[in-house]
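Listed below are the structures to be examined.
Both complexes below contain chain A, partnered by chain B and then by chain C.
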Partner chain A sequence: MKYKSLVILLFIFCAFTLSAAQEDAAPVDTVQVDSILPPAPVSMLTAKDGENDHGHSITLRWALSADDGAGQNSVLSYDVFRWVPFFMDTLQSIGDSLDAAEGAVAEQLRKRRDQAVVMIPQVHKSYPEQGEWRKIGTALSGQASFNDVGVKERESRDYMADHTDYYYRVDAVTADSTVRTASEVVGPVQSYGQLFNTGRIPVFVAVIVFGFLTIFFVVRAKMGTELYVRPLAGIEAVDDAIGRATEMGKPILYVLGLGTAADIGTIASFTILGRVAKRVAEYQTKLIVPCYDPIVMTVAQETVKAAYLDAGRPDDYYEDIVYFVTQSQFAYVAAVNGTMLRELPATNMYMGVFYAESLILAETGALAGSIQIAGTDQVAQLPFFIVACDYTLIGEELYAASAYLGREPILLGSLKAQDYAKAAVIILAALGLLAASLNWTAFINLFSVTS
Partner chain B sequence: MRRQIPLALVFIFGVFMIFQYFVPHESSEWIYEFLLDWIYIIGIFALALGIWSLIRVSVAKIKARKANWGYPIITLVGLFLMILFGFTGYRDGSLGFHFMTAEGLSNPMFRNFFDYILIPIQSTMFALLAFFIASAAYRAFRARNVLASLLLVAALVVMLRFNPYLGPIGPYVADAASWLLNVPNLAAKRAIIIGIGLGMVATALKIILGIERGYMGKG
Partner chain C sequence: MRRSTIIVMAMVFGLFILSWIFRSTSLASVQEHYLIGGLKVTFSAFLTLAILSFLYKDNPFYKFAEHLFVGISAAFWMSMGFWTTIVGNLIPRLSRSLSEFFQVPYQPGSYNFVYFIPVILGIMLLMRLSSKYGWFARWPLAFIVGTFAGLNFVRYLRSDFIEQVSATFVPLLVNWQGVGHFISNFSLSASGQFVAIVGNWVIFLGVICGIIYFFFSKEHKGAFGAASRVGIWILMITFGASFGYTVMGRISLLVGRITFLFRDWLNLIS
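Up next, the complex of A and B:
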């Protein structure tokens, strides 16, 4: 009897402990793993080539599983699978061997890899034989799309060949990753590069309209129409500054900035340098042009040489008017500052692309007592030049300066086009304000640009 | 002919670069990247011209015994020492010349010259900016007229926004500074940026169409 009572007590104790342990392990707001049922699959799965890109990408879209945010609410994520031929493993192993190989062996492996890469579209045609489904990514619950983005470099492990049949499926996955439901397979789908980026249509239209506007005003100017251009104090001061330097017998220092020959600011600066060099040659004043970039130096040398030739004084030109200093920012500043303090130029001109060195240069020039004219399209540097220089060309004035200096009608014509474009921007900005306030999304979307 | 060929090249490549922006296709990207590679190739040859220019100007100054002619000597010594250290280094325990490898960059003398001479000197030049900002700010903020006084007040508000000792008025100063930066300042900045954008397109078009030839030296 005693023994029986003890067994019953032990049984009750075990049952109570087990029940308590289950209550501890499964609080009210957690999912009990053993009770999860397979979720509903995603529906309407589509696979399309990625839009407005260079190819090598596929975009998948689907309707959420009925158990994602509703129903059993059991979907935690979506696993995206692509069917991959076993042949791709061979390609990977060639890549692994190539990483460790050198010399002739590496060259041979490279050839093998190139031959194998060409076969990728062919081997994908063997679907569903000689391959398997491999997970390529995960989308969280609530997400109904996934971009399978590969790379275009054939030598990369992530290379995704264009014009190749790809097959996809998406699994709705629950907290227990073994409890999942696969969607229907979608495919074949191929990736390819587009010939026109439709996301950039507004920019394309703007460029075309502005291009025609520029040509229209240039033609009008050629026909002899008088165009008024408001005076630019900084440019009007150039002649006075060159005259002052001539009278004082001191040089003119022209700094092209830290830009490269590919920067529009530097190109505009070349044009101004050409005009300044011509006047300098006419007045027989000394010009100093220290350069930061060797390509800029080469172009500037040609510009100054042609200007001296144009002024009828080719003999006064010597190559060391324009010289290279260094491609180190602050070493360049030190060299230019040293030139300023030793040569004491009557005029310093800073035209082009400038960064942190702008204030150091301009303040040193101010200390040296030079007249200073600056112009840059770097918005962050404009306050420094405005504070430290006598005249500053703000932004687009730098580009307009060459037209203003030359007074050639066809160059002035393009300035007129810019004015009309600015008027159009102001009108569109006002309309945009109105559209945003009144929620005219159709109008706002007309101007949206995607990368 | 000497002028027409460069103008034709500028037109062809300029038009290609415009259309390249709108064509995402791989072949368009390939040509774009190929052309960009040319910048590096041209840059390397131009660098040789640049170094030659630096040597010539420095030697001319030394020869003519111009004022401070000692500086060009230091320039040339520094230039040749760094070239020498940059192209020499240890490999397999022996010193040698390495023109096409990275050993030179790990040469201890090259590193020491770079880390303990060049970098401190560059930092010193950059540090000058702090003093120049102070002197420039003094000139800019002198309250000579109404506009300059407005500038002074705006600058004081913006500078005080991070001051922890303002007490209860601190949040109001911070709000005023944010408004100054995000409304009038940003509006002016955007106006300048729009102007720059249009100016860039206009300048690019003028260059591509051969209207603007100043970069070729036509004064």
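Up next, the complex of A and C:
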């Protein structure tokens, strides 16, 4: 009996022990402790000076790790390291002190910094002594390049000296950032600026071709060759409009717009203003030219003065024909609108660069009953002039108008050259169409311009 | 000034003074300086209505608002030009004593003799004030116009010429896999092959015809004239679309002003 009880107890004990052992063992079975293996390093790492720049940058390229998107697929990113001499810390601390310093102390620190900056190329030659690898950036997995870009300002913390030996390495990094594999070191490599940006060769070729065409036709025009310019309705109407103003005894309002003297539209407008002013002087009509920009006003005064001189009426010229209003857009509009309704000009001419004020001006002019002739190269404003003015010079017609009125060989020659450039555009567009249809990328790439 | 005009002006001013009193009273529980707050809102509303009165005809209120606007803006931009460009940018780079005088921090590290060039050009520009030496002003003007014309030439050649040309390099038959495939997959959806093909044809023909319109040294006759007319049609359709788009933007500006009048001034809407 005793023996039987002992066996039962032993059996129960074994059953509990086994059950407890199974409960303890269960979690062990579900937890997978995967140890991440170091990934394969990147290969074919190259470091080259950044192309088509002013220097201060190095471009790194590499072949992806075998474990990036394949193999163990364990690479999450690439850490890019540059070897940095300890001397650069001294330079940084001088910069920190300089930020807080003033007066003579700052002057001294500035001198120290300038002396230290000159030594940067020299201290980089001590590689691999007196320095350490420092992370300068990260590239995500799948990315096989990195640009180490510094700035050219010597006083900046991000200054990257040209003609200095730099050394790089790239680490393939896994989810566990301590598990990584470094590449081989690449270097020395130096950054330097390029004289020519080869990415802009298409622009260079266009400048040469267009420049040649312009010079060719200007020379021809100067030699007396007749260059035809088709009549432009808006410009044909100018003389009639001036005649109307003379007959009515009312002034002509000429608005140069909001452009600066450097805008091509404003420059074209000066030529038209000269022509209008000359005719106005001949007819002894009153001219009003309110200006938005003081420099435009100065040029316009010179233009009108010269036109009165050409017309043989210098005594009729007075400075207030061309006057400055303000450099605030809508204050200028308010002033010009007021002038329109008070002076009631027979003709309003809007030639130049215009923005949101175009419709306000043109509408007020229409209310005042003036004949209106407009011209601008601002595409967004053309619809307003078209609906509210009697004649509108669309975009390039403004430039052509100045050539048509001026009849100067330089303007006529450049107009003819522009027409040839347009013909070239049509031919190139047709060729490009074929290239795009036949997937001839070599031709299309000829026209890609990098910044 | 006519008597009736004076009476109308007096009435309008009286109304706005009343409005100021009412607005200030309503602001008294909200603002500490309620009189000034009320004046600001009332004066803004007065100027808004004065400018809008131009829609009726030119009148003394519009003249007042116009002259105030022009005078203040001219003075503002002049002082901004002086304090930000000359005092803010130039003096700290050129002179320690002048920097101390104008109480701006001197920047010895930025000193560069090149900055004297704009100073000299600026002085030459001011020579216009002299009748004897006014011709000096032509030099800086020539410099400004010539420099920017040269810079813009290259910029425009790139953006308006090269990049525009390359933008027209589009295939006329997009994703072409034969007539059978085209017919069986025919769809008018925006992402469909038919719309893509039509779009590319419009781009190509629109560019060609538009350029032909802008030929100035050849008469627009015959086939050339026909292409030119197509070009001007395309331009006009584009301008029409642009007009509608911009008008919608202007209406939102009008809504902004009306909201100001009815909410901030009259307090009629919340």
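In this section, the second predicted complex is superposed on the first by the 414 of 451 C-alpha atoms of A that agree within 3 Å, B and C clash if a C-alpha of one lies under 4 Å from a C-alpha of the other, contacts with A are read in each partner's own complex, and residues count from 1 in each chain.
Assume a contact is a pair of C-beta atoms (placed from the backbone, for glycine too) under 8 Å apart; a residue touches a chain by one contact, two chains touch by 3 or more.
Keep in mind that this is a model prediction, so the values were computed, not measured.
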Touching partner for A:307 - first (chain B), second (chain C), both, neither: first
Touching partner for A:214 - first (chain B), second (chain C), both, neither: first
Superposition-derived comparison: chain B or chain C, residues of chain A touched: B
Which of chain B and chain C A:54 touches, first, second, both or neither: first
Contacts of A:411 with chain B and chain C, given as first, second, both or neither: first
First (chain B), second (chain C), both or neither touched by A:444: second
Partner chain(s) touched by A:363 [first = chain B, second = chain C, both, neither]: first
Partner chain(s) touched by A:227 [first = chain B, second = chain C, both, neither]: second
Partner chain in contact with A:136 - chain B first, chain C second, else both or neither: neither
Touched partner set for A:267, first chain B, second chain C, both or neither: both
Chain B and chain C contact sites that coincide on chain A, given as residue numbers: 200, 203, 207, 210, 260, 262, 264, 267, 295, 298-299, 302, 324-328, 330-331, 334, 338, 342, 359, 379, 382, 384, 387, 394-396, 400, 415, 418, 421-422, 425
Residue numbers on chain A that touch chain C, as the complex places them: 107, 110, 155, 200, 202-203, 206-207, 210, 227-230, 232, 260-264, 267, 295, 298-299, 302, 324-328, 330-332, 334-335, 337-338, 341-342, 359, 379-380, 382-384, 386-387, 394-397, 400, 403-404, 415-416, 418-419, 421-422, 425-426, 428-430, 432-433, 435-437, 444, 447-449
Chain B to chain A touching residues, read off their complex: 18, 21-29, 39, 42-43, 46-51, 53-54, 56-57, 60, 67-68, 71, 118, 121-122, 125-126, 128-129, 132-133, 135-137, 139-140, 189, 192-196, 198-207, 209, 211-212, 214-219
List of chain C residues in touch with chain A within their complex: 51, 54, 57-58, 62-63, 65-66, 69-70, 72-74, 76-77, 108-109, 125, 128, 137-138, 141, 144-145, 147-149, 152-154, 156-158, 161-166, 168-173, 204, 207-208, 211-212, 214-220, 235-236, 239-240, 242-243, 246, 250
Partner chain B, residues of chain A touching it in the complex: 52-56, 152, 162, 193-197, 200, 203-204, 207, 210-211, 214-215, 218, 260, 262, 264, 267-268, 270-272, 274-275, 277-278, 291, 293-295, 297-299, 302-307, 309-311, 319-320, 323-331, 333-334, 338, 342, 356, 359-360, 362-363, 377, 379, 382, 384, 387-388, 394-396, 398-400, 402, 406, 410-411, 414-415, 417-418, 421-422, 425
